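Input: one structure, supplied below.
Naming follows writing order (A, B and C), and every chain is counted from residue 1.
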Amino acid sequence: MSLYLVTILTNMTLISFIAISAYLILIVGEVSFGQQAFFGIGAYMTATSTALLGLDIVIALFFAFMVSSSFALVLSFLTVRLSGLYFAVASLSFAELLRLSLYKVEYTVETNSGTIGPNGPEGFQNIRWIFENNISPENFLVIALSSLLTLIILLIFMENSKLFKNARLVGKDQIVAQSIGIGPFFYRIGFITLAGGVAGFGGGLFALFNTYVEPSMFGIMLGVHGLAYSIIGGLGYPLGPLIGVFIDIGLLESVRFLSEYRMILFGGLVAAILIIFPEGIISPRLVSRIKRKLVKKNNA
Amino acid sequence: MVEKTILEVEGLETSYDMIKALKGVSLSALSGKLTCILGPNGAGKSTLLFTLAGILDSDRGKVVFDGEDITNQKTSNLVEKGLALVPENRLIFPHLTVQENLLAGAYTRLAKERQKVEEDILAMYARFPVLKERSGQLGGTMSGGEQQMLAVARALMSKPKLLLMDEPSVGLAPMIVSEIFSIIKQLNEEGISIVLVEQNASKALEIGDYFYLLDQGKQIFGGSREAILKENIIKKAYLGESTG
Amino acid sequence: MEYIQISIDGILYGSSYSLIALGFSLVFGVMRRINLAYGSSLLLGVAIALWVENKLNISIIFFIPIVLFFCSLSNLYVERFCFAPHNTKAGVVVSMISSFAIWMQLDEISSQLLPDRTHSFPSLEISTFEFGGLFFRGDQILNIVIAFIIAAILFLAVYKTKYGIVLRAVSNSADTAKLMGCNTNLVNSLTFIVAGVIGGIAAFLVLSTESQVTPLFGFWCTLKGLVAMMIGGLGSLTGAFWGGLLLGLLEAHLSYQFGPISREITTFSILLIFLIIRPGGLMGVNIYKDLKSRDERI
């Protein structure tokens, strides 16, 4: 496989984590404009754990998950009374506050391989985990992809659980959910926290792959993309967000003559897809229709 | 005297939310008369009115209003042609004052005949004194009966030739319902043609001239008051018994 | 004396926030929808106008109407593409997301039109004057005067004219307004055009004060306008005006105290605090207590 292809595939895998985290929040009926910050927190956390503290990657990614989900937990408590537009704007401002604070974080250590540690606007340089462990780009892709697949398989299994069904009901109609005794409080907090953790985990992988991170990487445009992927993919099935990733990076960025106009094309494409499929391509309605058909076939 | 037909509906079929709610309805309303459309819940009465008012598009069929084919025209055109709908649950503008609600009702005339609109508002106040008392009050703060009067007055502000009324009795106390129905009767006696959709059949029977009965999207009866009273058809329809 | 000077600077600077918030608020007030691409469409309008100006070399008197024209045109594009197709109740969130997505398209077109990081922008060249030991920038005085005039005109138009009644009727219930014969489609398009003109004026005044434009201008506009509107109260015109001034005042003092990076942090902190404590804004209703407006929550 060419290095170019490997890089594209790795990028697709990493950004899928943001898309899936946006998807998880959409399930409980909220729109988050702020998942990019949790991605960033996870990236910084992993960088710190591996480069500064010399921890194992599994522990580093676990920390990334825990810390970013804790920040998401804070957001979910702060916004417990908000929904819709108010939640969306609150998540955006929370994310930007986190990102801007990274500009103020400075703790550097000089080593033979250069300065490491968060260094304000300069970011966190020299995250040398993949070099130290001799991980080839192909091997890294395998690591990232298998993490993503594990996550998706987990989600697919959980789709049929009571937890997810109730969460979907909360997202669809809070009043109906409440009337049959499903309080939205627990589900909202749970899913927002989980989504933060998923984004943070992806961010952790991103930091290792990219070998340096800086606050400006986790700006609002990253969030726009992540949200757009899950929206056009649809809320029906955990594979939905990947469709968006594929269209944007797989199609637009990798085709040379299109990549210069990628943002222009993709922005328009999202708006156009939303006109044709207001609920995304794999909408819950489509999924239930397919399920019904499958049941019929099995019975026949 | 030759009676003129103001509204003629032929074989109207309309789908609502992917479900065929009207499956071929034909009826006609005479000018200056009060035509009532009765039927149980879900019979397609409101869908019929929405189609007539241009909110929903029909799949098949024809609507002729005042000698002109108006099938699937836009609501804004229909209002200008003299068709006004008083919606179910009144739907007055809650954050506008009573006077502003009336002005909004005269939307199609605001640009052309402002002076005349002002006069008509005064005429409405004379007809509905309670609206005059509350002219500066926000619509949303009034009682249900007052809101219904406002909704009727607001529809009249467009100077309609035909008034479509959707369930004016919904959610109102019996006393108020009687008052509203006497207002409807009075308007009709003054020469305004009315098509009234109502679930409260006994009230409608007191004031209507002609009756149509809808059941499951189909029209199962049409005729005068005497005819409808003679056949026991209303009871059958409301109890959901098969009539065919 | 120093504090007074900072307050004056902050309030004057805040008047440009007020103008942008007015455009935001007008759209929200009529459509109960939020246009996240607002700032970006203003940036695009400015970028096209600058591009035209470069090609034709025109004077500033003709440049202003060109800015306004392209700002309202790109705003109209957003309305047709992201809002008009989603005019049902379920479309409230879809249209917000659609405008969020179109944001990147508009920003990218603008940066292709303005390839340099910063681009010079024609300045009005009004001198600063001194009064009682305090300094006033002439262009900023002009800014606040225009902001006040536009706020007043909008307020009178919406609350005192018959066309304002139509706007408010559409805002109350678009479906019922349709029953009155109102062409809500047209009303929405006109609202976006007017918002584009107001935004164009704001963009021109801000950029001529700075005498340059960067690709970040779109985000800046959306952000400041949104925050000012939310501080003032969603959909409230007077709230938007005062919200902008208050935001400018707070920012000026806090960035004087804690340094320039805190300016951004301040903006977001204020927004977050307002959302948590009083989401309805200063002039807006309390969204929890008022049942009516809770129904309208989006």
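Everything that follows uses one rule, which is that a contact is a pair of C-beta atoms (placed from the backbone, for glycine too) under 8 Å apart; a residue touches a chain by one contact, two chains touch by 3 or more.
Keep in mind that this is a model prediction, so the values were computed, not measured.
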For chain A and chain C, what is the smallest step count along a path of chains that touch one another? 1
Of all chains shown, smallest offset between own Cα centre and global Cα centre goes to C
Using Cα averages as centroids, what's the distance between chain A and chain C in whole Å? 30
Cα-centroid distance, chain A relative to chain B, in whole angstrom: 52
With chain centres defined as C-alpha means, what is the inter-centre distance between chain B and chain C in Å? 42
What residues of chain A sit close enough to touch chain C in their complex? 31, 33, 78-79, 81-86, 88-90, 93-94, 96-97, 100-101, 103-104, 220-221, 224-225, 227-228, 231, 261, 263-268, 270-271, 274-275, 278
Footprint of chain C on chain B - complex, ascending: 53, 55, 74-76, 78-80, 84-85, 87, 91-96, 100, 103-105, 107-108, 110, 114, 140, 154, 158
Residue positions on chain C within touch of chain B in the complex are 162-163, 165-166, 168-169, 171-173, 175-183, 292
In the complex of these two chains, what residues of chain C are touching chain A? 34, 81-82, 85-86, 90-94, 96-98, 100-109, 112, 219, 226, 230, 261, 264-265, 268-269, 271-272, 275-276, 279, 287-288, 297-298
